[in-house]
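Please read the structure below before turning to the comments.
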Amino acid sequence: MNTSKPLILIDPLPRTVPMCFDAAAKDRLAALGRVVVHETSRMPAAMVEEHLPEVEVLIGQTDMPAERLERANKLRAIINIEGNFLPNIDYATCFRRDIWVLNASPVFAETVAEMALGMMLDLARGISAADRAFREGREVYGLESNKESFLIRGQPVGLIGFGDLGRAFRRLLVPFGCPIKVYDPWLPDLLVRDHDCTPCGLDEVLETSRAIAVFAAVTSDNQAMLGRAQLERIRPGSLFLLMSRAAVVDFEALVDCVADGRFKAATDVFPEEPWPAGHRVRALDGMLLSAHRAGALDEVFKRIGELVLADLALILQGLPPVVCKRAEPETVARLRSMPVQVS
Amino acid sequence: MNTSKPLILIDPLPRTVPMCFDAAAKDRLAALGRVVVHETSRMPAAMVEEHLPEVEVLIGQTDMPAERLERANKLRAIINIEGNFLPNIDYATCFRRDIWVLNASPVFAETVAEMALGMMLDLARGISAADRAFREGREVYGLESNKESFLIRGQPVGLIGFGDLGRAFRRLLVPFGCPIKVYDPWLPDLLVRDHDCTPCGLDEVLETSRAIAVFAAVTSDNQAMLGRAQLERIRPGSLFLLMSRAAVVDFEALVDCVADGRFKAATDVFPEEPWPAGHRVRALDGMLLSAHRAGALDEVFKRIGELVLADLALILQGLPPVVCKRAEPETVARLRSMPVQVS
Amino acid sequence: MNTSKPLILIDPLPRTVPMCFDAAAKDRLAALGRVVVHETSRMPAAMVEEHLPEVEVLIGQTDMPAERLERANKLRAIINIEGNFLPNIDYATCFRRDIWVLNASPVFAETVAEMALGMMLDLARGISAADRAFREGREVYGLESNKESFLIRGQPVGLIGFGDLGRAFRRLLVPFGCPIKVYDPWLPDLLVRDHDCTPCGLDEVLETSRAIAVFAAVTSDNQAMLGRAQLERIRPGSLFLLMSRAAVVDFEALVDCVADGRFKAATDVFPEEPWPAGHRVRALDGMLLSAHRAGALDEVFKRIGELVLADLALILQGLPPVVCKRAEPETVARLRSMPVQVS
Amino acid sequence: MNTSKPLILIDPLPRTVPMCFDAAAKDRLAALGRVVVHETSRMPAAMVEEHLPEVEVLIGQTDMPAERLERANKLRAIINIEGNFLPNIDYATCFRRDIWVLNASPVFAETVAEMALGMMLDLARGISAADRAFREGREVYGLESNKESFLIRGQPVGLIGFGDLGRAFRRLLVPFGCPIKVYDPWLPDLLVRDHDCTPCGLDEVLETSRAIAVFAAVTSDNQAMLGRAQLERIRPGSLFLLMSRAAVVDFEALVDCVADGRFKAATDVFPEEPWPAGHRVRALDGMLLSAHRAGALDEVFKRIGELVLADLALILQGLPPVVCKRAEPETVARLRSMPVQVS
């Protein structure tokens, strides 16, 4: 065994190594260090303890309280191959010791953005509703079928949350020439404007947009921030896309609004998953339903491996990571109050 | 009656003036000339004859054989407010006399492009299929539901037909970073390359694209150009979007390919409309069905009025039209062999 | 001699065949038809007369009055390999007979646009002025040297003339995020808006833009349209770029404005070329001078050949030309009142 | 005095508060905290010492060794209003205590990118050289003047350094359709590809690009990395733009290459500033000279204030900064070996 190569410990549950690393990626991983994997279950404590003194990079969701970190003297990075930061790490110790804590959430930006655009176009043009009607032999041709249809071109769009997901979605919208308003209380106006969007308050986004997309992660601050009162501010005939987490919305109020014909909505997330069999939302005409499908593609999972490899290589060369998401002292406690992974 | 203002004759059937001109547009029309409209039926011959000596612009689908053109000495333009060129005009006379023959087909570019993108994203991500499953209580969550899903980002896309529609679609694809191949036998390679696409033959488009969109108008040359042999060249797992006219495809062969699971398809057009009630395509999982809905939106029809007004104003100022589609001596006979309007 | 191939007559003066067609292009030309060239002088009348009955495409600036056109029964197109339409053609006859009259002006769009952007950035940042100072040992470092400098990012830009050149320039400006106003009396507002620009009157362009670029061809209507009164409307500290023809401006008034320090200017064109040796403009600090250089590049001339070949191939297949500029009945007389080629 | 507001200490030398903060920005600063400024000289030690126990944010270049940091118990951020990280801070202590160390370098991205594009177009088209000739009465018209000119459209471009500056430049190049290769040893290939560029080695960038732009900051690793051997790899007739720091290049070798006519170059930086009066580079035809002018604009300095205010507001709300550049444990020591500010 080449002890000069850094020890990389992989404890991938709930994922597996093959989910994120194809054969070539595994080879590249092996070239970077001595790789120790345990994937039939969470890595047993004894195995973790055995490797703590040597481990330089930990990939996975292993518990890392202060006492373990204390023994992991060579540890340089902990990388979660999901999109969240879990509360089982002593972040303060990591920050103090310049141990990078990273996750792979940026991989979800493009896939969620494409899904959001597909859902927005679906609602704007009645694509799935018209397909359903056609299958049931009640299709309507031409103009009569488009009474509620509109073009996205030039329509005011509102984004709630402007992290990686919101920005990826904005890029896809560029050719549509839509004026875009952004509500994100964690970002300065300057940054929003630098992306050719207009920063504004939540109410203004709700009241002035023809299509609204929610990309905000759940934090300790924003649970159910989109309550009934907020949802009722949305203009009649608008579209509402829920792409991040159901917890930011009063879901039943959302269903009521759609049932009342106030606006149409699409959701990729639900307060409980799987969602109860008989729930009324399953029969609602103005609602487009997706069973948490926006992020969970094989190619996206393989890209997680690519991100991990890229930052791992930098870290082992003594350079800072640049592609994974970094835990920040200020926000990790707020974010980790609830899982935020997209898939 | 102010005889100094030019006479504009409007014979809008199968459309009506209010379909294409809102109140403000009607006012602008009235400001440009003396407007004479007949819209309960095709304009009666006597009425046409009465106005022939004075008419400067004819809007509609009135028969204009040589003998009528001969009497219409002041005629400067014939503008069809649909998207086609009909065979009831003596085009040779019009060309000889510099009478513009125009139609409003460019208005369909943006609306068809947005619909095509929505349909492409639907097939790539299984949006309507997953919604259908959810409604039936058989939804699948996450990765398991995405076995056939893929991102558009970076995928090779093929376009068949690169007129206004194909070019509008290409613009929407720019942020996806897809390499695009184009087959359009009426256009030089140079023009295709100037739009950052690669010109190539039909077979290459079919064989190398992950998503193929058909925007070609039907001409006397290309009926059923996409026969069974051509469709079978399409790569397994690809997407096929039929956005222009069913006549360019062997429709039953297309249905067979989808039924066999070769590729997924979406169609906005059918060989007969309305389409027979019991046809097997209505039950096909890999097919997305749309009842000729891509072009026929109220806002698109109002935009027809805008195009007509814009070119009318130019023509009456002695300038050439620049926004409507012009009939060309070389192609009008080939195009008019069959209606080509998108809506 | 293969009489079945169409006769292509080339009379390229003031250009030559090798200027526009490299070896490969010449081969492609020869493959399209029987090519007869005369390039030591204007093609002699006897030679023209000899070929008139057979010629299908004429490339060059040969006189084509009615009597010659009458004998040229097979003629389908006249293509000028400069960027203008000359008055030595009987256009009415050509239009009546569906003979295309084309020129190669679209090749100048990209090259003039890049030059205009380079000149705009030069004036905005004092690039050539600072280089001049450096060469003379009087350079100023940092902030002190940038008292009149500004970023283009977000600045209001005005375009006068929005044909191929103006549109190419607009495309280059997209990443700068500038709001763009356009004055072009030959185009409808609709078309300008479809390019994400705001149509407006000449005075508004002059009064509200930080940088103004003139791309308007000279016509019988617009000579000296930018007189002293118009130029004095330009905001202090703005930039003025003259890219098309000196005749649209009162050149001495322009020089006065720059001399007075009202605004900075760049010009690629002059009322007389060559320009008088001792003229005061040669010593003016706020003026960037270019001796009609924006269009005349070898690669641009070779691209003329590419455009000609592309449209020639279409025409000989019985299809309409799509890349060269077409003479229009309404405008050719206004344009040809004065040469408008860019190079 | 409202002791509940955080103490913001400003020690702006070599800048001043008014350089970076206009009246409105000063008001916003005052609203965020108690502002204590000293700007006639470096803040005296006694004054620093007095405020250490209370200071929450330090703006400027005050020495902050371990012993001062130890007493600054409330300190949350140190923000340099230049673009560099200086060696007078005990970074290890800052990282351990989660004190943000920031600088304003991102403000230089857009301004340097626009300047680089202006310089690239100048060299490609001979803009300043032709202006110089015109002033000296030796201008050449048209094609003869463009023997070395070329369009940027489609040319291969190489970037050395792909931080904020390189990425801003890439955005401006998008409409030119240039394939772009990037050399940046601190970044993974993945990230470069996500910006639609091709990652590659330094030699490949040099050998295959028609225009090369250097945006790399000087580090302890890359001084004179572009030596004579590297420069001689550049293709004849190419362009070389030095936008970051002279120390990354063997400057005399660069001058030799240009003097020999191998390629043309532009530089905004010099090994010594001011540069010696009689140096041969001042008379070199193929060289465009700029006296460190790319970053130092008043509006750019005002934008420094905007960035500082934006991140300050976040930090004081308990959120992480997002617009200033962060010092990283891995790279700050390498970067601070030499000042890297752009202006």
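Before moving on, here are some points about what is shown:
Which chain is which? They are A, B, C and D, in the order written, and residues in each are numbered from 1.
Rule of thumb we're sticking to: contacts are C-beta pairs under 8 Å (C-beta built on N, C-alpha and C of every residue); 3 or more make two chains touch, one makes a residue touch a chain.
Values in this document were obtained by computation on a predicted structure and should not be read as measured data.
Farthest chain from chain B, judged by C-alpha centroids: D. Averaged C-alpha coordinates give centres for chain A and chain C that are 50 Å from one another.
As a whole-number value, the distance joining the C-alpha centres of chain C and chain D reads 38 Å. Centre-to-centre spacing of chain A and chain D amounts to 33 Å, using the average Cα coordinate of each chain. Of all residues in chain C, none touches two or more other chains. Chain-to-chain contact here is organised cyclically: the chains close a single ring, every chain touching exactly two others. Each chain pair that touches appears in this list: A-B, A-D, B-C, C-D. Put simply, chain D touches chain A in their complex at residues 95-98, 186-191, 306-307, 310-311, 313-314, 318-320, 322-323, 328-331. On chain D, the positions that touch chain C within their shared complex are 110-111, 114-115, 117-119, 121-122, 124-128, 130-135, 137, 139-143, 145-147, 149-153, 171-172, 174-176, 273-275, 277, 282-283, 288-293, 296-301, 343.
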